[in-house]
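Working notes for the structure below.
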Amino acid sequence: MKVKIIMGSKSDLEVGKKAVEVLEDLGISYQMTVSSAHRTPERTEKLCEGADVFITIAGLSAALPGVIASHTLKPVIGVPVSGKLNFDSLLSIAQMPPGIPVATVGMDRGDNAALLAAEILAVSDEGIRKKLEGYRKHRREKVYRDAEEVETKYTAGD
Amino acid sequence: MKVKIIMGSKSDLEVGKKAVEVLEDLGISYQMTVSSAHRTPERTEKLCEGADVFITIAGLSAALPGVIASHTLKPVIGVPVSGKLNFDSLLSIAQMPPGIPVATVGMDRGDNAALLAAEILAVSDEGIRKKLEGYRKHRREKVYRDAEEVETKYTAGD
Amino acid sequence: MKVKIIMGSKSDLEVGKKAVEVLEDLGISYQMTVSSAHRTPERTEKLCEGADVFITIAGLSAALPGVIASHTLKPVIGVPVSGKLNFDSLLSIAQMPPGIPVATVGMDRGDNAALLAAEILAVSDEGIRKKLEGYRKHRREKVYRDAEEVETKYTAGD
Amino acid sequence: MKVKIIMGSKSDLEVGKKAVEVLEDLGISYQMTVSSAHRTPERTEKLCEGADVFITIAGLSAALPGVIASHTLKPVIGVPVSGKLNFDSLLSIAQMPPGIPVATVGMDRGDNAALLAAEILAVSDEGIRKKLEGYRKHRREKVYRDAEEVETKYTAGD
Amino acid sequence: MKVKIIMGSKSDLEVGKKAVEVLEDLGISYQMTVSSAHRTPERTEKLCEGADVFITIAGLSAALPGVIASHTLKPVIGVPVSGKLNFDSLLSIAQMPPGIPVATVGMDRGDNAALLAAEILAVSDEGIRKKLEGYRKHRREKVYRDAEEVETKYTAGD
Amino acid sequence: MKVKIIMGSKSDLEVGKKAVEVLEDLGISYQMTVSSAHRTPERTEKLCEGADVFITIAGLSAALPGVIASHTLKPVIGVPVSGKLNFDSLLSIAQMPPGIPVATVGMDRGDNAALLAAEILAVSDEGIRKKLEGYRKHRREKVYRDAEEVETKYTAGD
Amino acid sequence: MKVKIIMGSKSDLEVGKKAVEVLEDLGISYQMTVSSAHRTPERTEKLCEGADVFITIAGLSAALPGVIASHTLKPVIGVPVSGKLNFDSLLSIAQMPPGIPVATVGMDRGDNAALLAAEILAVSDEGIRKKLEGYRKHRREKVYRDAEEVETKYTAGD
Amino acid sequence: MKVKIIMGSKSDLEVGKKAVEVLEDLGISYQMTVSSAHRTPERTEKLCEGADVFITIAGLSAALPGVIASHTLKPVIGVPVSGKLNFDSLLSIAQMPPGIPVATVGMDRGDNAALLAAEILAVSDEGIRKKLEGYRKHRREKVYRDAEEVETKYTAGD
């Protein structure tokens, strides 16, 4: 399997689904599962194998990304999940100590985590890179269409 | 041993020494050591035994307290170490998910961690409680002395 | 009584009930009450006796945990209640001065406060420790069930 | 005595001295002392009498202003003292619950606390008001002098 | 008139009404009005007379309290109004420069602003002080009633 | 055209419309469009011409204002759009490096961006300045009307 | 005079000098002075004339930019000065209410304030625009030189 | 070349050197250079080719990582550089919009950026993976040595 997605709790499912959707679009094999760094540490450890890239999704004190990163040399991407304080998960994931990097993406950005995973795989996989080009082109065209629609409606004077 | 003190890095030594000093004063047996949640996960796991209370000290994304707490049912105290952002370690330690509590004390407060450990042991150990009373009395008297000194110098009118 | 739960205001009841629920599950005797550090200081002082562990719950400037801690040598757990600023209660409870520790748990985490109280009692009470093991096992199994459910639904490719 | 200044710790002395200096300038009787809300609660309570206005100075979780305010109906002014987090003392003092107001001034602003105390006394004391007018005039003239000095040096073109 | 309440915008009315309600309860004469530090500076200046205490209520960059304070020697109380950032109004009001104090109360705390105004007036008005005692007693009794209700329902074991 | 309004995404339309409304009121020619600094960098670059002032509107990491500012010497106004963290867009727009200024206005303040654009144009256009005077007078009168309404309803005693 | 620079206090001089230096480089006439929104409100008001653009520099609760903006229809640029909290001045200047815009630049960025002022003047002054082009070109070349120096030293492998 | 390191300013050199040091240790070819997203946008664009992974280093509003990411499909790693506000660069880099991911590492963590780059290359390069294993083992052993040293010195009782 190319990508393993691990959520710290089933309550992070909406963020996880954003990652799944992008991987489906790009035709990249994946498995999504649940494991808590704190409630099931033994299970979390065992999940650190069998994939080229790991996407980890967690809120609050969000130890999951770091714990996965401490058990593998594969790239680990961390997605902070928003909550009452918001900053807690972002800082917990981004501020890793020297020696154990985690690739942090934006708050709730499961989609960007999947795109980053695809970019990492594309370093040595031309097929994925082609699909990424298509994906980006598609999003670019959406902006052009939006621009046309807005300009038509909101222009005055010369 | 009553208390095990685990620092995430030797660079947290100043905070650890504050805990050691209080435990020495109260005559409570302890061992202080170093283990990184991220760099030596296998070692960290093995440390989760052989003490009644754990004091964990960590900065940055500070996963150590939570990792210890996930492997033991003994009370785990977490001391956030200050750094460039300050908030990162405090939030990483305090915002634990449901099911795995960590007893967070103030930023760099190794001393309060040791006092809290003593209070926990004193629930079933009258000797420690007596010593805690002495310790608190001592600090109280210091305030009275300071007050007298300040009042003498800074009073005007009637 | 083993645990006394003190809320700063009746409006903190939802957080208090999370603590009650866990203590009921673990069969630990408790009493929950209301007392304001600021509106009923004389009452607050009198509550500082008759329990092995205190759970204090407060929002805003949240002086209650510290005031209780200043009148007892029993372990005091503080639960910050979320509000408009969120940070205010967390910082007011966590940042205690040297000499008077409060064991701070996460925002609105009445459940973790009760588990921490149980862990403290379990240092000298084998019965509670056994129940804590059961409780933790139960939560662990929930993660495994969630994992199975998610994996079945969200796996693609090989 | 008109004003009682209470610092939570002797380490807040630099902030306290700013208040003393202003009260001396305005000829208002005062006494400055030390009492910790947490280390000497019994002493703190007893200090809540014998003055028309209270100035309280504290850092960290800063319960002192609120504790004083809970025991008196005289106006209580709170001065947050800066530290590693800064926000902690400001929020702890400002975010009082309904019913018990504290008049918060800026971080480390012992001087403004004394001026506010003077303004409060001046509501019914014409003599203090006159002195306040002089004090403000004096500071205003300082700005004019600074302005002249800067304009002379930093002007170019027409 | 004893108290003048100035809101920076009619949209702050809910906070203003909390102040009005308390002043009505205490029988203190007042007038509430609207004036923007930025949109009607000339009007704001003229309002700085004819009262013993000023309550100012403002959100966002909240210059109103400081502008009033710069034109009077009467005590000025500032109430920060919550919004998207929350911190903006609190900091804008609390962090006044040396020489011009504003008595900041908690976020949206119109009620505490009125109580603080009453405490200030009570320094030289025994009648108001008596009423404040009644008010505080009333609130204290409410806590006792809440406590009884909660204790009855949430007690288990012995 | 006098003013070009560029939104980073069509989802910023509500903020953009506030700018459009003000420019319509003041009779200033404009065009509003959409271009993403990140998704359509080539398009963004091409938009940096053909106007006297640029209004840029963006949320999250909000690179758009800076990118526009790096390609033109015309004044660039940046409007941060609120989101889950709020601070992200404000800091991304305000904290520009030396050499490339962006004129940041308040969170979601499309209206103030348009007024600032008008003030900039009015430096050399007497007609716009006259209209700005009318606009400001209109808003001032609204405050006076609100004041009258509030005073009538909320005054007690003398 | 083209640009008037107003500092809230002489202690902001280092930031003011950065603006002066840029205006000197660009040959734009200016005058720098000091006036406090709070200590010399009457003086501040009088300064709101006689220039095409205003640069205002202030720390803490930083009301100066908004007060100037409330008395003129000329563009007002605000420079937040850093201090103990940092956020206070940035938020106080940026979060202006609807109707009264202030063009906020980055923390301590007197230089960018001057460049923004020059861009505003350059809308109708070709001479200033030419100089701005030179200035920007100069800074661009500095980056190229730095790049060359770094590349030479820090390249390895092929 | 495997890795291109781009700093937004030569003043970020200390952070850049941490990345260089790690890449040297791992024998990975690299080139480090300087280019500003805002001062040399045309140069920045041209740098988006000729490497498998990009490491971008920037402070303040930190647009550089996002601009590079918008011009390439290779993985882009962003290193926030600390400054007066600290949060500004972290949020500017982490909070990328959907479609354009940046792999954010901790504040000033040039070393972790290089390790993440190595992990990405190691997905398809067994040689680098072997070296990463050695590197991690080396750091792990350091913790064990520190632990031994600390334990020897700080143990008391049994």
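Letters A, B, C, D, E, F, G and H mark the chains as written, and numbering starts fresh at 1 in each.
Going forward, a contact is a pair of C-beta atoms (placed from the backbone, for glycine too) under 8 Å apart; a residue touches a chain by one contact, two chains touch by 3 or more.
Nothing here was measured: the structure is a model prediction, and the numbers come from that model.
Peer 1: If you check the contacts of chain A and chain F, which chains show up for both?
Peer 2: H
Peer 1: Looking only at residue numbers at the chain D/chain G interface, is the share used by both copies over half or under half? Answer same or different.
Peer 2: Counting which numbers both chains contribute, under half are shared, so the two copies meet through different residues.
Peer 1: Take the average of all CA coordinates in chain B, do the same for chain E, and state the distance between these two points in whole angstrom.
Peer 2: The answer is 40 Å.
Peer 1: What's the distance between the Cα centroids of chain B and chain C, rounded to whole Å?
Peer 2: Roughly 18 Å separates the two chain centres.
Peer 1: Report, in whole Å, the distance between the mean C-alpha point of chain B and the mean C-alpha point of chain D.
Peer 2: Measuring from centre to centre gives 33 Å for this pair.
Peer 1: Hey, how far is the Cα centre of chain B from the one of chain G, in Å?
Peer 2: Computed from C-alpha means, the inter-chain centre distance equals 47 Å.
Peer 1: Would you pick out the residues of chain G that each touch at least 2 other chains?
Peer 2: Those would be 9, 36, 39, 60-61, 85, 87, 90, 94-97, 99-100, 106-107, 136, 139.
Peer 1: Run through the chains and report each pair that touches.
Peer 2: Here the touching pairs of chains are A-B, A-C, A-F, A-H, B-C, B-D, B-H, C-D, C-E, D-E, D-G, E-F, E-G, F-G, F-H, G-H.
Peer 1: Given the complex with chain E, which residues does chain C contribute to the contact?
Peer 2: 1-2, 5, 7, 9-10, 13, 16-17, 20, 23-24, 27-36, 39-40, 43, 60-61, 84-85
Peer 1: Please output the residues of chain B touching chain C within their complex, sorted ascending.
Peer 2: Those residues of chain B that touch chain C are 52-53, 73-75, 77, 90, 94-107, 109, 111-113, 115-116, 119-124, 129, 132-133, 136, 139.
Peer 1: Taking the touch rule as given, give the residues of chain C at its contact with chain D in the complex, in rising order.
Peer 2: Touching chain D from chain C are residues 8-9, 36-39, 41, 45, 59-63, 66-67, 69-71, 85, 87-88, 91-97, 99-100.
Peer 1: Mind listing the chain E positions that touch chain C in their complex?
Peer 2: So the residues of chain E in touch with chain C come to 82, 86-87, 90, 106-108, 136, 139-140, 143-144, 146-147, 149-151, 154-158.
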